[in-house]
Amino acid sequence: MIKKVYKIIHEIVVDDSTKKGRLFDIIIQVLIILSLISFSLETLPELNNQLYDILQKIEVVCIYIFTIEYLLRIILNNKKNYMFSFFGLIDLLAILPFYITSGIDLRSVRVFRILKIFRLFKLLKYTKSIDRMSDAFKKIKNELVIFFIAILFLLYVSAVGIYYFENPVQPEKFKSVFHSLWWSVTTLTTVGYGDMYPITIGGKIFSTFIVFIGLGLVAVPSGLLATAFTQGIKKSKD
Amino acid sequence: MIKKVYKIIHEIVVDDSTKKGRLFDIIIQVLIILSLISFSLETLPELNNQLYDILQKIEVVCIYIFTIEYLLRIILNNKKNYMFSFFGLIDLLAILPFYITSGIDLRSVRVFRILKIFRLFKLLKYTKSIDRMSDAFKKIKNELVIFFIAILFLLYVSAVGIYYFENPVQPEKFKSVFHSLWWSVTTLTTVGYGDMYPITIGGKIFSTFIVFIGLGLVAVPSGLLATAFTQGIKKSKD
Amino acid sequence: MIKKVYKIIHEIVVDDSTKKGRLFDIIIQVLIILSLISFSLETLPELNNQLYDILQKIEVVCIYIFTIEYLLRIILNNKKNYMFSFFGLIDLLAILPFYITSGIDLRSVRVFRILKIFRLFKLLKYTKSIDRMSDAFKKIKNELVIFFIAILFLLYVSAVGIYYFENPVQPEKFKSVFHSLWWSVTTLTTVGYGDMYPITIGGKIFSTFIVFIGLGLVAVPSGLLATAFTQGIKKSKD
Amino acid sequence: MIKKVYKIIHEIVVDDSTKKGRLFDIIIQVLIILSLISFSLETLPELNNQLYDILQKIEVVCIYIFTIEYLLRIILNNKKNYMFSFFGLIDLLAILPFYITSGIDLRSVRVFRILKIFRLFKLLKYTKSIDRMSDAFKKIKNELVIFFIAILFLLYVSAVGIYYFENPVQPEKFKSVFHSLWWSVTTLTTVGYGDMYPITIGGKIFSTFIVFIGLGLVAVPSGLLATAFTQGIKKSKD
């Protein structure tokens, strides 16, 4: 009898080729999203106490279900394999904070639960596309590393440069090289909030050069990824 | 005699391979644009009453013509086919609000009329290019879905993260996770209005990571589309 | 004797395969840039009168030289051919405003002179690359037209949408559909000056959809151009 | 005996195929980053004197080590070859400012030390990828030059245009064509700080055209680089 129950549970929790298995996965995903929504709603400052209590209860229930799921997976899978697998660690991170925190407010840690959502890709059977993409990624890894170093280099150089141009006139905003780094980030990514910008002629000319070089450096890696991905798709479809 | 009239009207309204048919389509398109312009002009606050009346009359005339066109299409086409086709529903949406609203101000619904403009592509004989593009689109659909989920995930994670960094210092701006989502959107798309930006060191470092990851995630789908489209063009021209 | 002079002048002005011809072209280009710089300097409000007079004189001299060049080109080339050619009209536009303006301030028209700079490409012998690029451009013309119409459509739809969300709360900024169009432009291009942005929840959700769709629409044409150009280069080099 | 010492030092400093040589290179890299961090920390205004002294000492020690390294490289390498090589000049620039400055504050020059970091690419054995990228770069050089000139042209034209539209209403911000150039840069790169933006109808319509043209011009070169790089990778891997 136990063997039969074991088999049924195995089918539901571990096996995702059966109908029951897929349904179980979908329920878990819905619970994850539910717990994320309730977590987000709790941050609303205008929330009344009654609703807050309901949301908390939803979260607690979700955590209990996730814990049961986690324990079942450990028991049913080859123990070690699952516990130290990528998904095993994520599942642990998603429930652990709830049990180890007491007294102190560690609400933020709860957000790790979102990582569980990565199972979604497995569920949606996109593994082939993801494999293809990680293959394409590996091919251009060297180029991406070079661009990454070049961007870091440009970020630092532009921070130092703008510091020397703007610090004398705007000592409040361009306080130090580290403060100027924030300007480098918002400018090279073209976000441009407008909280920091050069006002000296030198700073403006320097920014002009930096931003045009930066546009190239920042845009090329995305382009590399895009073309590499398309080639991977093309090859596998030919 | 009636048969002859029927035939002529059919030629004008439904058939777009004849000269008359094309002229009729062009007139309808011009009326659509005219009605959109008059609709937009009506929103101007400084508009004097006289002009407002003229614009209203133009709109009413346009709607009557569209109604006649719609009825003719129903009569002339195989009724059901047209009524429940894509263009049939659009044409209905474009005139319906005018007849069902009375008393309440439903001016905004009138904007559905713009959907009629999609007939333009049919008129301009770009169907081949559109087919080619939707073929290319299908090939990379899986990749686009993955990126779409990844972007949603990043939007949420960045909203939660910035909320924890900035809420204590800027409780007015980063009120809740939902309010922080707006920051995520404007930052990851690099719009950067400047209405919300991090001021804590932790928030700035977090944003730096998020914006660089985000730039990649947001730019790659457009790149994928562009390369897929070009390959589609190349193949069909070889 | 006259024939010899004619031949020498022809060599200098029209023929750009000889050493003298190239030198003449370079001198004209330098004069164009000189006249543009002096024109720009004149807009500086802190300029003293003495320098202003010098700059004006430089401009007048440049114009006289351009006029002589223009007349020589008319005489030396097959008259009609040059006068109604692209470069002929540009050269005329570059000098005409100087002669027809009197009394009224038409300084702005002088800027047409900059068009003369397009001769630079001819001078730099990049015609092959430009040809290759315009070939690539033609191949994807249909796609570009479709995207152009789609962008126009999205600009209008987003302007109407944001008008309905934001006009009731920010009637000063989102005055009419036309005023809202400016928001559409700055948002869809991700410039995001911060002079106009949604503050209602509806407006923010609407903007989120619009900006993600818009990012795709706006980025794809540049990507199409880039991949088409590279394929053109590849083909001609194989 | 001296020969043996010479050989060992040669192995450590010049040869980077041996274990010792690689370790030496890594130590130098760490020192470069250490000296850059200490340099950046010194710009912090809240720094106490004690820490400032420690940072200064770190910098001095780093410079001494770099000097010894530089002298060793000159002695051990074929003298002339190294001194006038790219890395030789960079190494000199990284230490020279320390010795020639006295009295006057030339802290900014110290930043040249960062250039030493380029040795990193050699250390990381990415030379093959860099070669491949510079090959791809050469292939599209002509196209990049054309786009570079076109961007310069557009920057100038947009500055002149916006000056004429906005100067009469915002003389403080759009003071001259040169001041307007800053607007052109922040707009065409889509940074959009919000320190300068058009408020007239004419200026807004003009900006709309400019920013859409500009988006294409600015985005295409990055796309060209990306596709050219991917083709280079593909070719070398086939």
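The first chain written gets the first letter, and so on, giving A, B, C and D; residue counts start at 1 in each chain.
One rule holds for everything that comes next: a contact is a pair of C-beta atoms (placed from the backbone, for glycine too) under 8 Å apart; a residue touches a chain by one contact, two chains touch by 3 or more.
Treat the numbers as computed from the prediction; the structure is a model and nothing was measured.
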Where the contacts of chain B and chain C overlap, which chains show up? A, D
Pair of chains joined by more contacts [C-beta pairs], A-B or A-C: A-B
Mapping chain B onto chain D via their CA atoms needs a rotation, nearest 5 degrees, of 180
Length of the line joining the C-alpha centres of chain A and chain C, rounded to whole Å: 43
Could you work out how far the Cα centre of chain A sits from that of chain B, in whole Å? 30
Of all the residues in chain D, which ones touch at least 2 other chains? 190-194, 219, 222-223, 226-227
Residues of chain C touching chain D in the complex: 36, 39-40, 43-45, 108, 111, 114, 117, 120-121, 124, 126, 128-130, 133, 151, 182, 185-186, 189-195, 218-219, 221-223, 225-227, 229-230, 233-234, 237
Okay, in this complex, where on chain C does chain B touch? 139-140, 142-143, 145-146, 149, 153, 156-157, 160, 163-164, 167, 171, 175-178, 187, 190-194, 197, 199, 204, 207-208, 211-212, 215-216, 219-224, 226-228, 231
Touching residues (chain side chain A, partner chain C) in the complex: 190, 192-194, 223, 226-227
